[in-house]
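Note that the chains take the letters A, B and C in the order they are written out, and that residue 1 is the start of every chain.
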Amino acid sequence: MVLVEQFACTSSDLGDGNERQQYTHDKMATHATASVFINDDEGGLLHDYEVWLEQLAPHAPTTRYEHNKTGEDNADAHLKRQIMGREVVVAITAGKLDFGPWEQIFYGEFDGQRRKRALVKIIGE
Amino acid sequence: MVLVEQFACTSSDLGDGNERQQYTHDKMATHATASVFINDDEGGLLHDYEVWLEQLAPHAPTTRYEHNKTGEDNADAHLKRQIMGREVVVAITAGKLDFGPWEQIFYGEFDGQRRKRALVKIIGE
Amino acid sequence: MVLVEQFACTSSDLGDGNERQQYTHDKMATHATASVFINDDEGGLLHDYEVWLEQLAPHAPTTRYEHNKTGEDNADAHLKRQIMGREVVVAITAGKLDFGPWEQIFYGEFDGQRRKRALVKIIGE
């Protein structure tokens, strides 16, 4: 099960651009079966990620994974999150995230279990 | 050869929580065949990682890799480290690492050669 | 199409080592089909990466990817960049990047399209 949602980055996420001109913006998933990653906001591509991750780290048969003997069935979700990454670090200049022309931040959810949270931390001058 | 060890994060790793309330904690492997990563501390899952990495980047036959013509036999370890990542960035709030409920920091060693080191850097306010 | 170039890190990249003794150096690709990564500067290994990435995320047939219905043919480049990573965070101590003995920073280009840029951000004390 893969669910991807785009983060809306509001100005409050970025702090006060006038006071903090040079800093970084760290965004991280705080669950080991979820990811925060940066890529293009294009629906076809997000579908391609889903298919690709299922090839690299298949969900079934769930018995192939030792982790699933704990009663979980989400070992594949842990592996998928390793490919997609836990956190992103984005530079900020003059109050704006330094993105490429198509880059956006996404939250990827790989097992669909439990209520989860992501964290934003801003560090700078 | 895959060896995974959990880091014990002591309070001295985190600096003085009273003085530095908002900062980040960067932990990185400084060898290109090793990794610092964050996931669950569950033995079955760590075994699953080992099996999975061997599928994605097999050690043998060692002759399949150009890098091994240098006299090394650890090209696969470089690829495994790319999947698992070189460094983690963890936010810290009020002197505590902002982990999810099951997250821990691990050192992954993929060729078992040489004495290696990892580095911790704390940046903040 | 994979092209890898080594970054030359000059002292100006690192700022003034005397004034900033403890900081981090973030280097990031700002295009979703490119990567900044750290590994060994060994030609055979860079070739091994190219072969390996083509196995994990093949370019052809281009019709296998939904993203390519947009008129692009670079869906595989987005997946390759996910494996290789978008950004690196390198600690700096006394004006020097904290590298392992063989580590270097590379720019990886996976579709060969458009003029691209990478970004360096230095944060510290």
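Following the convention adopted for this analysis, contacts are C-beta pairs under 8 Å (C-beta built on N, C-alpha and C of every residue); 3 or more make two chains touch, one makes a residue touch a chain.
Predicted, not measured: the structure shown is a model, and the values here were computed from it.
Asks: Which word fits how the chains touch one another: line, ring, star, complete or other?
Replies: complete
Asks: Go ahead and align chain B to its copy chain C using Cα positions, then give the rotation in degrees, nearest 5.
Replies: 120
Asks: Note whether the interface between chain A and chain B is symmetric in residue numbering, meaning over half of all numbers used appear on both sides, and answer same or different.
Replies: Different; most numbers are used by only one of chain A and chain B.
Asks: Using Cα averages as centroids, what's the distance between chain A and chain B in whole Å?
Replies: One centre to the other, that is 18 Å.
Asks: Note the residues in chain B that touch 2 or more other chains, in rising order.
Replies: Within chain B, the residues that touch at least two other chains are 56, 83, 85, 89, 123.
Asks: Quick one: in the complex, what on chain C touches chain B?
Replies: That would be residues 22-24, 37-40, 42-45, 47-49, 52, 56, 83-85, 88-91, 93, 98-103, 123-125 of chain C.
Asks: Contact residues on chain C for chain A in the complex?
Replies: 26, 28-32, 56-57, 65-70, 75, 78-79, 81-83, 85-87, 89, 116-117, 119, 121, 123
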